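Have a look at this one.
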């Protein structure tokens, strides 16, 4: 174990995989030294492995993702970076119609060992075009695997796994936790896809989260413990596939579910978790499922406005309190006045 | 009332609005005569209103949507066509980062009276890049309004409303029902956004659907009536905003909810409906919420394979039977063997 | 006139094979045996044949919705293509791809594509991959004339020039994008000048004359093969039918269609037979042989069982660990 | 040297205002008063001023993440800009936009943009709208050098040429896209040749000499204004600081930065003062006036209350019917 920041853990994963497998290479904007990526995730790698393994590209996201795809189907293993997740939208034809479909369309004649690394995440006053978490869009597109690590250890372990898988992975990092410190196992640390991590055990309520929201959930759980509420916090770690069994098992125990997601509530990935539990875990539920989510508006630049739009720890604690109070399941009305009504969007 | 096909109803709406408001114009690929659009929705309009009102574009989706946006914020009212919804992905930067955000980002200095008409829909053996229904992606992006009419009358009435609204509307047509005939009110027929249509009243189970799936729901309801099961069919008509109240009211009455969506189940819009009902309508539910949806794979070309991947009427009837049988809500296990397990995706 | 006798006969045979394949598809589609919609390349065969004859097994192509001819000219068996289009067992993509996605990796066909423009950057990547892995060969991306206007063209030409990729773009300029004639979609006065402005070598050839295409393609391909950077070949031609099986093509003046009919590449080739040292009866014999082959291939394909139902749920993921993860077992 | 005395003084003042505005942002950002990240245009002021001085109220601009200078040169009040960047009441976008989205429709500023390349097609649309509505005026899209490589450039140049739009693209070529020098991102040997290949008129000017920019811009804008179709103006320049407030700019050789320091457009302008009939003391006085204005504007903005909380939830939708629909009441 060593202490590493989230971004250093990612850097270590990239270094180890570049070292291990000559077919792996990095491609994206501004990855090389002396810049090493806008968030410095690729720091030093062009120096260590040469410019041939770390390609800087023009600002042509659709183009260079297509290039990476062409490489992936012919024996290389590209790791693509989009500087901010918002910019993946420039490459959306390749992201939607090509990368995740080409294997299926060709009857399995090609495989696509390709990783798209990209940071989502607000809380940085970067306004509407530099802070979206767009994981839900990709979860809806069969063919993608999706990871969204919350800790340095998972960042490393999931990225290494992602690079070794023969299938396309959308690897969503989070800008706001790049500097987070944590213990990271050295070298061969591989975290499997589809296995959630129960970050805190509890009995009264299940909180499901991923990426940065896991930390909000843990903070909330700590506060709630002081009030005698025992919250179990499940970090999904990967969204496709996601660990339904772990969530269902937890809900079986707690009977209550709060889902925390950063992006706007409507049609976010939290809805998928809610829908599956409302189907397969319905009998275990003692009260309605509550989602804590971003409001259904774009991100405003002003920090004090952004904090009204993006989830806060207090929203989680409030939601859990409401869930635990919601003993009468009949017309549970879980969106009481003290719970952020995250779907309200156009006040007078 | 006149009998019109779905596509003729759309054509009539366009004609009436072009006539009514000189700021309205059409822009897209191959809209002009003697072609009139790949699905002939814009037939004769360039002849009637001139090429100045019906613009043919290069195959530059991102570019011409940007052009339409520039027009919309300076006093015109463009109606854009993307020939197939899949191609909207080529324009996804404008669809995500520009069109739905520009009003908010500028503090309301501009409005965006822009409609994007585009047909989704499979069942036509057109394979993975010509049949996606991608409404869920856009529902997750605050700023868009979304309509998905199922009948000629709604097609006309919603399109006329869409063109008159000062906000951007994603108007999802459906290829497979362009030739559907139905009664359409003449001239000033305006259908409001956010108001569902109860297409069939019932007491045992609520079926929620939109676009083509409404017809499957109605067919299933008819069959089920013969078995003594009374299904209420709700056509959402618009997804953003969607008529939560109508669905909650129905579920309050029936206690059971089946949601039918065409595209892949995971993170589709059906999940949003499920999540809202699992929160606000939880106390009314007698059994788990069932989603009937496309399987989580791309569309295969072969018709017999496509029919294994896309929802069928029998899937709806099976799901409803399972819901009605599911009296014991404890561990309801609603995905019994006879219900299509639409999330199974990689069999041996 | 640059083709020798045997090359000419081979090119003629390829063109005839493409022609009959395409015409047969129209029939089969009319009989509701080929589902979906189909874009045929009748009258454009000289481009496919003239380029394809210079490609080697290690070369790779990526083509468009109208790519059957390019694929056949690369040596792919029509049996597997029919099976694919008829959704039978033995189809190249298991019936999942169909007309717009025919792929045969073993013959260097890395796919047709249903999205206009999308094949170009992928082809650039295949070329980059060759370069990075030190493998020989040329990558050819076929595009339509209308595709040139998509942003992908710009991004691809720039990267191909910047990285000096072994990529040849062949623009099959049939003068229309669906119903839209070039003057309504293009503001570029001269495509060759445009392409040259990227430092990409660009030449043009008469797309209805297989001699001309072959001559230009052989130069362009040799240049790319020699490592002299990317190239571009513009071939003006015309399509006989509408855009696809749903289009009567009413937007084209009948005189225009009539004029191009005279320039049918098979007619042009036949007219030049003697000059190539070939005789009419030889060509007739080729025609007959091709017709037999076509009929046999169709019969064979129609005799195959449907693509198996299970295949609807295979081939999405490759990695056993992925598949296991979806199944609940994880490594 | 083409500017008259008073034009020269006005241009100098605009450049000085931009300079001090930008430098003040770096201070305010350093003091954590300006949130987010900020891209400044120091040493690029001659482009903003030289173009802006030829624009009229009916003309409209769309700019980039590095657009403060272009916006100031179009006549927008720095008070509202400060308020916006400091997230105060009175900010042009209610604090929702910030640095990358400053917009002032009343002065013809239809927005900066955080997505590289995205402003070009929108600008083309604004130009088309002018043409369709028969309104006078020119639309200017400012882009960076790196933006040229995005597919949007191609699609926009083509449509602008095809539809003969009153659009001028001004490329502010500071020779880097973030850390990436042009030789690593561009395969295009000569940008003017590239642009001309669309039939779009393209000229270049020394971007650090406001006389040169003004001269070229006046020609280019006059051409577009006269309805002779779209134009393109390429201005080579250099940015003083790193890409944004998070970048020290270590990828640039110090000698290179040093060399460009000599070409600071304010230094260049001052050296030409006498030739314009202006004196050093006059320029000193302008400097002092600008400094006072900047300080007053900052004080004013800092004295404003925060943008109101409610504004987080306004301005998403315009139509009363839409808003009502979300509220549950429907017309």
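The letters A, B, C and D name the chains in turn, as written, and every chain counts its residues from 1.
The working rule: contacts are C-beta pairs under 8 Å (C-beta built on N, C-alpha and C of every residue); 3 or more make two chains touch, one makes a residue touch a chain.
This is a predicted model, so every value here is computed, not measured.
K.L.:
Consider the two chain pairs A-C and B-C; indicate the one with the greater count of contacting C-beta pairs.
P.N.:
Of the two interfaces, B-C and A-C, more C-beta pairs touch across A-C.
K.L.:
Give the label of the chain whose average Cα location is farthest from that of subunit D.
P.N.:
For subunit D, the chain whose C-alpha mean is farthest off is C.
K.L.:
How far is the middle of subunit C from the middle of subunit D, if each middle is the mean of its Cα atoms, in Å?
P.N.:
Centre separation, subunit C to subunit D: 45 Å.
K.L.:
Between subunit B and subunit C, what is the gap in Å from one C-alpha centre to the other?
P.N.:
Going by mean C-alpha positions, subunit B sits 35 Å from subunit C.
K.L.:
Need the CA-centroid distance for the pair subunit A / subunit C, whole Å please.
P.N.:
Comparing mean C-alpha positions, subunit C is 40 Å from subunit A.
K.L.:
I'd like to verify one number: the distance from the centre of subunit A to the centre of subunit B, where each centre is the average of its C-alpha atoms, in whole angstrom.
P.N.:
28
K.L.:
Return the residues of subunit A touching two or more other chains; collapse runs of consecutive numbers into ranges.
P.N.:
57-58, 60, 62-63, 86, 90, 93, 97, 104-105, 127-129, 142-143, 295, 297-298, 300, 345
K.L.:
Hunt down the residues of subunit C that sit against at least two other chains at once, touch-wise.
P.N.:
Counting only residues that touch two or more other chains, subunit C contributes 93, 95-97, 101, 113-115, 149-152, 154-155, 158-159, 162, 184-186, 311, 314, 316-317, 322, 326.
K.L.:
Which of the residues in subunit D come into contact with subunit C in the complex?
P.N.:
On the subunit D side, the touching residues are 149-155, 157-163, 184-190, 193-194, 196-200.
K.L.:
Could you pull out which subunit B residues touch subunit D in their complex?
P.N.:
Within the complex, subunit B contacts subunit D at residues 25, 52, 57-58, 60, 62-76, 93-94, 97-98, 102-113, 142-143, 145, 161, 165-167, 192-195, 241, 245.
K.L.:
Using the touch rule from the top, collect the residues of subunit C that touch subunit B in their complex.
P.N.:
The contact residues of subunit C facing subunit B are 35-37, 87, 93, 95-101, 113-117, 146-147, 149-151, 177-180, 184-186, 246-247, 250-251, 306-307, 309-314, 316-317, 322-323, 326-327.
K.L.:
Touching residues of subunit A toward subunit B in the complex: what are they?
P.N.:
Checking each residue of subunit A against subunit B gives 86, 89-90, 92-93, 95-97, 100-101, 104-105, 127-129, 132, 134, 136-137, 139-143, 240, 263-264, 266-272, 274-285, 287-291, 295-298, 300, 328-335, 343, 345.
K.L.:
State the interface residues of subunit A toward subunit D in the complex, per the touch definition above.
P.N.:
It is residues 29-30, 32, 34-35, 38, 56-60, 62-63, 86-87, 90, 124-130, 295, 297-298, 300-305, 308-309, 344-347 of subunit A that touch subunit D.
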